[in-house]
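What follows is a pair of complexes built around subunit A, which joins subunit B in one and subunit C in the other.
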Partner chain A sequence: MSANLNKEDVLKELFNIGVGQAASTLSEIIDKKIVLKVPDVKILNLQEGKKELDAFLQNVAAGAVMVSSISFDRQLQGRISLVFPAEKMHRFIDLCLHEEHDTDAVMDFTDIDFDTIKEIGNILMNAIIGELSNNIHIPVEYTLPEVGILDNARAEAFVNEEAYHLVVLMYISFDIEGTEIEGAIVINMTLKSLDDVMDTIENWL
Partner chain B sequence: MDSIMQSVLSYINEGIVILNTDRTITYWNPFMEKITGKKQDQVMGRNINEVIPHLSYRFFDRAVERLIADGTPAFFSAAMHRQMIDSEQKVNLKMNRLKEGSNIAILLEFIDVTNQFLRIDQLRDAVRQLSSLNNELKQKEKVIEKLAYYDQLTGVANRALFERYAEKYIKHAKASDQMLGLMFVDVNEFKSINDTYGHNTGDKVMTRVASMLTESIRKEDIVCRYGGDEFLVLLPDIGSYENYWAIRKRLKELADGRIIQDGLEIVLSLSIGVSFFPDDGETIEELVQKADQFMYANKNTYRSR
Partner chain C sequence: MTSGLIKQFIPDAVQHFADDGLEGLEKYKEIKPDFMIIDLLMPKLRGQDLIEEVKKIDIDAKIIVLSADVQHKVREVIDKMGVLTFINKPLNEEKAKTIANLIRNDAQ
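And now, the complex of A and B:
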């Protein structure tokens, strides 16, 4: 039990290193201080994961969410999604682009907005998956993220129904010049993939 | 690269650049010539950072290193990298690794999104204009509403608004078994003020009386110009005669006596009648009639002085 807890702690640490790198790259690109925090990482079975994710979608992201996601394969298989409440994204994008738009003249999201989130998603997810893959020496292959808006999103949209999948759920908060935007990173990977990760970590301990 | 592939890349509507792992350019398609103004023979064999200086930022370099090492694809948006080519052209950049056996090359795709930026700027302008038009319309709506429900001279409610409130307040008084008061106020000898000092001064006196009434009442009471020199005041939930007397006393203190208007000293006095639901009537018409009678009784007392 205690060895198990330690493995999870190591995994959390790996994710945190990845998130830290992503924050530093993003700060460099947008030339503003960004603080990225991952207060907690939860590894949950499919049912728990869906329940927890649905609670997040209802409480934090009531309504529409903006999602950036990639599927990865080769030795580690699964899907990683970055989920943000859509209503906060205009402000978030404006902060990243050093722009200011009237709140009463808000348009729908444009292709430029989607491209901005695509880049942020790419940096963040590359850092998280890349850090994991590099440290445990398990190769991963993936493409660029796809970005979309989901109205009334439910957990099913991010979590594979197949029983042998697990959910790694991380709540993430972006702080850009004092404006905080909360989101979640959902990694839905096969049990075998997570076992491989955990086995490798166990060998270090 | 075989010639068919070369032709395909020549016709493609995005900038294609292929680099060696040391970042030297091995292919530069015609679309790249178009967006950068740099010909293929000027750039072949040169380091990409010299040809597109924006790519010498550390984060591009790290992305290329990672791409070479483990094939991690990268995307850089035109919105976050506005100067990637120059200040006019807006391009997204995709980086992918090409691998054949042990040979590795880097594929850069520059996707021109300048038109999207222009179109979105136009849309933003249109949305801004619509929003300002909308605000203007809202302001006009308020003005129209004011014209429809408020007396133009004095700014207090007109008869139409009085009727709306009267109906609402009498319903409330009946439902909650509360007293509703109705004052009928008339400016004594107003005709003589008009005749003596002129209509312009008369209008100003009328406006001052409306202000005095508004100052004397409580927040929820409604003052209405009923016509000519007559005002009605609705007093919902008045509670007791004492509360009415307090309002009347405040009004008398303000309005009975001499006022200075346009440098002229004018004697002002008001005749006031009041009726109450339920004691004096069950409907607004009955209450107005009763208050009018009491006002006239008051006026007669004034005249007989």
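And now, the complex of A and C:
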């Protein structure tokens, strides 16, 4: 049991390193210091993952969420999504583009807004998955990033019951010059992928 | 954004754009640009496949890769394809300057 715990701790640490790398990259894009809080990395089975994610969507991200996703395959297979309250995204986009806009239409997003989130999401998700891939020496191949707004989103939107069996959930909260943004990183990967990662980690222990 | 940053350092450069890898290949054949800046993740034809196709036409084609992919293995593979350099996104002024210097020095 302790061996299992150790392996899980190592895996959590690997995800934490990836999130740290993503935050550092985001700081580079925004050119401002980012205070990042990652409370915990949770590795959950499908049912637990859906329950947790639904609670997050109801409590933190009630209303519309902006979701940026990318799938990965080859030796590791899954999908990673960044989920953030849509109402905070205009400020976030302005910070990324180094621009200032006043907008009353909180839920109106232009093609440039979506392209910005798609590109930034792509860079951040590549940092998280790429860092994991580098550490465990298992390559992945990405599909094109996608972005969208979901009203009253439920966990089913991020967790594919048929193809995947595991949910890695990371709640993140970052503060950029007084703007606090809370969100979640959801990684939905196959058990086979997790086994491959765990086998690699086991060889280290 | 990429275009604007590079233009800042090489204002006289003429730039052409493609929305996907396949269009990139068509434009390469049509324009035969002095340099290409290629993303690895593109619709219709992946960046890696585009590099391969371009290199089949001209082994000395000058290609700069700009990608969000941080995997060491991917970089190793792309480096072996004979590209000028591989730069990780996000593109900032410093990286744009590196690209501009590379282009300017090579053009001399």
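To be clear about the criterion, the second predicted complex is superposed on the first by the 197 of 205 C-alpha atoms of A that agree within 3 Å, B and C clash if a C-alpha of one lies under 4 Å from a C-alpha of the other, contacts with A are read in each partner's own complex, and residues count from 1 in each chain.
To be clear about the criterion, a residue touches a chain if its C-beta (ideal position, glycine included) is under 8 Å from a C-beta of that chain, and two chains touch if they have at least 3 such contacts.
The model shown is predicted, which means the values in this text are computed figures rather than measured ones.
*Asks:* Should subunit B and subunit C be called a clash or a fit once both complexes are overlaid on subunit A?
*Replies:* Overlaying the two complexes on subunit A (C-alpha atoms) leaves subunit C and subunit B clashing.
*Asks:* Looking at the overlay, what does A:131 touch: subunit B (first), subunit C (second), both, or neither?
*Replies:* second
*Asks:* Under the stated touch criterion, which partner chain does A:122 make contact with: subunit B (first), subunit C (second), both, or neither?
*Replies:* Both partners.
*Asks:* Looking at the overlay, what does A:154 touch: subunit B (first), subunit C (second), both, or neither?
*Replies:* A:154: touches no partner chain.
*Asks:* Now for A:51: first (subunit B), second (subunit C), both, or neither, which partner does it touch?
*Replies:* Once the two structures are laid over each other on A, A:51 reaches no partner at all.
*Asks:* Have a look and say if subunit B or subunit C is in touch with more residues of subunit A.
*Replies:* If we count touched residues of subunit A for both partners, the winner is B.
*Asks:* I'd like to know which partner A:101 touches here: subunit B for first, subunit C for second, both or neither.
*Replies:* In the superposition, A:101 contacts subunit B only.
*Asks:* Between subunit B (first) and subunit C (second), which, if any, makes contact with A:142: first, second, both or neither?
*Replies:* After superposition on chain A, A:142 lies in contact with both partners, subunit B and subunit C.
*Asks:* Now for A:29: first (subunit B), second (subunit C), both, or neither, which partner does it touch?
*Replies:* both
*Asks:* Same subunit A residues contacting subunit B and subunit C, which ones?
*Replies:* On subunit A, the overlap between the subunit B and subunit C contacts is residues 25, 28-29, 119, 122, 126, 130, 133-134, 139-140, 142, 144-145.
*Asks:* So in the complex, the part of subunit C that touches subunit A is made up of which residues?
*Replies:* Residues of subunit C touching subunit A: 41-43, 68-74, 89-90, 92.
*Asks:* Residues of subunit A touching subunit C in their complex?
*Replies:* 21, 25, 28-29, 119, 122-123, 126-127, 130-131, 133-134, 137, 139-140, 142, 144-145
*Asks:* In their shared complex, at which residues does subunit A touch subunit B?
*Replies:* Against subunit B, subunit A makes touches at 25, 28-30, 93, 96-97, 101-102, 104-105, 107, 110-113, 115-116, 118-119, 122, 126, 130, 133-134, 139-145.
*Asks:* Could you list, by residue number, the parts of subunit B that touch subunit A in their complex?
*Replies:* Result: residues 57-59, 62, 66, 70-81, 92, 94, 113, 116-117, 120, 123-124, 127-128, 130-131 of subunit B touch subunit A.
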